[in-house]
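One structure below.
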Amino acid sequence: MEELALLFPNLTLGFSTAVSPANLFYCFAGVFVGTLIGVLPGIGPLAAIAMLLPLTFNLPPVGALIMLAGIYYGAQYAGSTTAILVKLPRESASVVTCMDGYEMAKKGRAGPALAVAALGSFFAGTVGVVLIALFGPPIAELALKFGSAEYFSLVVMGLIASAVLAHGSLIKALGMILLGLLFGIVGTDVNSGMSRFAFGVTGLTDGISFVVIAMGLFGFAEIVSNLERGGAKRDLLFGRIKHLWPTLDDFRRSWKPAIRGTAIGAFFGTLPGAGPTIAAFSSYALEKKVAKDPSRFGSGAIEGVAGPESANNAAAQCAFIPTLTLGIAGSGTMALMLGALTIQGIAPGLQVMTQRPELFWGLIASMWIGNGMLVLLNLPLIGLWVKLLTVPYRMLFPAIMMFMAIGVYSVNNQSLDIYITLMFGVLGYVFVKLKCEPAPLILAFVLGPLMEENLRRALLISRGDPTVFMTRPISAGFLVATLALLLIMVVPAVRKKRQEALEDQPHDTTA
Amino acid sequence: MRFRIKNQEDFWSGLMFINFGVLAIIVARDYPMGAAMRMGPGYFPTYVGALLAGLGAVICVRSLRREGERIVGWAWRPLIMLSVAFLVYGFLMEDRGLGFVPALVALIVLSSLSRREFKPVELTILTVALVAGAVGIFSYGLELPFPLFWWR
Amino acid sequence: MNSLLRNAVCGAVLAVLPLAAHAQAAYPTKPIRLIVPFAPGGPNDILGRLVAQKLNEQWGRPVVVENRGGAGGTVGLGYAAKQPGDGYTLSMGGSSNLAVAVSLYQKLAYDPLKDFVAIASVAHVPYALGVNPVVPVRSVKELIAIARKKPKYLSYASSGTGSMSALSAELFKAMSRTDIIHVPYKGTVPALTEVVSGQVDMMFADLALIKRHAQAQQLKIIAVTGSKRAPAAPEVPTISETGLKGYVIEPWFGVVAPAGVPAEIVSRLSAAIVASLKSPDVVQRLDNLGYEPIGAGAEQFAEIIRNDISKFAKIVKTAGIAAQL
């Protein structure tokens, strides 16, 4: 309980650092820029932080860190906006938000979806910060226990869990997972350095980027199928807006998922790698499992927005734990954050907390303040976003096309990405027609390379001994959980099939 | 007809999975397989491809027996026009292309043609507004390094 | 974002400086692009942005960093090679894509000597060999002894097949006639993390990174790879002095431009970059990052590139790394 005793003096120090006018300004500048880039295509948090890095050379280290961190979690926070409004997920964690958030928007409930996402994120953000403050170092040690075997087992669990995302047939969802794994292979093989499935195209040697596949399968395909479904006659695609704000019932449904999502996010966030993504998918899978009526999921269940959004934001905040305390970065953005620290002459590591307490606690306090600013910044914007949806679709879709084109092109500044997006767009439309859901494919696409890499690496390290996956306790735990998950999924499916055979009338849940 | 396809959606999904699976196996034949304990670059894609093809076959067979829906109403016009719009945008953004502004104009106009009705005045206003906004935000605000026109 | 904030901060400066630059000569009259052939955030990117900022301060013309990552930095350089050689496109290269790539890739989209003109070298990156504390060795000699006694017992992590980190280890293996298992990762950070956690035994990486973990008792620094000891860690011996005579790996970064840039512009660019590398704040920043400024002019830099191309050709050959990329 030593942590608790020290918490108050530490937090006092942190807040006294964070509320200085200059630091408040850096914090605001950070979350403001983060919100902007989270909404606009064309530039991700990584590029934005890199661009602002030279500016921070002349700032005090605390201010620099507060601002860069603000960009990072601000962008994560705002990432849900385009996912909910126009089905354009900016990063893999937002794919989950699309599933029910966009359906809510189509039913005229964009306001409640955005508000719940914002409030859930705020809750997760603030709780995440407290967790960092209390258990930062011990949780970070956990990250070091994660070797290749553990990662492999975790990814397998994540993949199986993603089948739950589909509200159609389980076997087709499994097919989409396998297809996603194949798309994930495109690019240079880490072990041999060989480029695979690149068909001699240099632009493919680093693989297909997430934005390309997501804009194609979600954004492009959605526009085509909207135009098919009478978009030509009907100008308003989105349902009439009944409430701008969540109702009491929405809150009643959302608070538990938000708490569970936060816990899941805090756990996965400390793991380097795909933390926020796995957290968001896991939270969705969990909410769907505990829901009284799982069939609502996929057609606008608010729980499916509250849980994953809280999870991915908690994960985003907790990603700072291993970065600051161990100096290990789980993502490119965190690596850049480390770079920003070192360029200022600060070596990350446990000594940061003792040698530069004002830096560590100042950052943590600023995250609290920043999360508050984000809510204040985003809630008023909701009205504006919802207004945007009242623009006739015939004018809205060319604008969405433009946003996608600019966003895709600017990832690598190459036209090739536009063409590949188009290919995935057409494929995505075929998926719509065949009722194959793309979300599991995308998760598999993101996790597939991690799975193969860690499988091969674990076997290299164990000198070819496959029992490592069972002899290492954490890994074994994940595999057992995977098995349990499979049973949970298959048993009701079998039972349902029998029931269907009796009733002779499958009830269709897709609206 | 004994082999009537009862569930078209599933039948074609299965066929698609088989195709992708087989394609993966064929392409992966060029990569060394290695052994289970020391996997080569060809190992993972071959097995994933085989699993996918197998799963596809199961889905196909099931579709012959279980009743399902027919696939109707492909949106050919939007599909083709939006594809053309993207292709032309990509082409104009190439190194020797015409630049950002012409590419955007082409993208917006061609996209709008995916609908049958066509309002020239509205389209002109929309195009000008979107292009001006995009150039303002992306070229000047974010300093994305796109040449605006072919002369710059 | 860049400009929104920057203009807010130093808009006045930007408004005045172009006039001064104009009065001086006809170059630069428009923004300069600096192509960084890696994704944002890496050492190449950070150095690129440092140089861009300094040129911008000197000339008052925006120097825009453009990231074009892919295939170990060869995609971006391939793109840069095709740009007009007018001095308005520069690129931040390194020993990996300017010197090693020629012998590693079968089809390289550029010839580092013919397609580029060297402008100025920027910095050395001291490399070191870090070992997990559990491994019972304190020196290169002891390490080689264990590796010889038990082939395939030790493992090393690298930031990728064909990377500088893997090449350093392969050269080590070839010269010491040992067999150490290669465990490749995607990038330096995840690889180093697994050496810290003990999954893998050792790794060649930036001295600064290894030193940071060594200070937290997470790693042991066994040796540095340069021809001399590094000023940042004078107590650490070189590999060459402790068992493997002649082992030298000295990665560097430098600015090049597409061939065809007029000699006058080359020398102006070169002088500006070399001058900026002498300014105290740049020296301090490079030092914080663990880099040593070189600041060699165009001719010297061209010489460095030429020498390293033939040196790495030999390493790749002796290490038996198949050119399959």
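We call the chains A, B and C, going by the order they appear; numbering starts again at 1 in every chain.
We take it that a contact is a pair of C-beta atoms (placed from the backbone, for glycine too) under 8 Å apart; a residue touches a chain by one contact, two chains touch by 3 or more.
Just so you know, these numbers come straight off a predicted model, no measurement behind them.
Among the chains in view, A has its Cα centre nearest the centre of the complete protein Cα set. Taking B-C and A-C together, the chain pair joined by more C-beta contacts is A-C. Rounded to whole angstrom, the centroid-to-centroid distance between chain A and chain B, based on C-alpha atoms, equals 23 Å. Centroid to centroid, with C-alpha atoms defining each point, chain B and chain C lie 37 Å apart. For the pair chain A and chain C, the distance between mean C-alpha positions equals 32 Å.
Residues of chain C in contact with two or more other chains: 1-2, 66.
Residue positions of chain A touching 2 or more other chains: 43, 191-192, 194, 413, 460. Within chain B, residues 142, 145 each touch two or more of the remaining chains. By the touch rule above, chain B contacts chain A in their complex via residues 9-10, 12-14, 16-17, 20-21, 24, 27-28, 31-32, 36-41, 44-45, 48-49, 51-52, 55-56, 58-59, 62, 69, 71, 73-75, 77-79, 82-83, 85-87, 89-91, 93-94, 97, 103-104, 107-108, 111-112, 114-117, 122, 126, 130, 134, 137-138, 142, 144-146. Residue ranges of chain B in contact with chain C, taken from their complex: 95, 140-143, 145. Chain A makes touch with chain B in their complex at residues 40, 42-43, 169, 171-172, 174-175, 178-179, 181-182, 185, 189, 191-192, 194, 196-197, 220, 223-225, 227-228, 231-232, 394-395, 397-399, 401-402, 405-406, 409-410, 413, 415-416, 418-419, 421-422, 425-426, 429-430, 433-436, 452, 455-456, 459-460, 464-466. Chain A contributes residues 29, 33, 36-37, 43, 46-55, 57, 144-148, 188, 190-195, 202-203, 205-206, 272-273, 326-329, 332-333, 335-336, 338-339, 342-345, 347-351, 412-414, 453, 457, 460-461, 463 to its touches with chain C in the complex. Against chain A, the residues of chain C that register as touching in their complex are 1-2, 5-6, 9, 39-43, 45-46, 49-50, 52-53, 65-71, 75, 78, 109, 152, 155, 160-162, 181, 183-187, 189-190, 192-194, 196-197, 199-200, 208, 212-213, 215-216, 281, 284-285, 288-290, 324-325.
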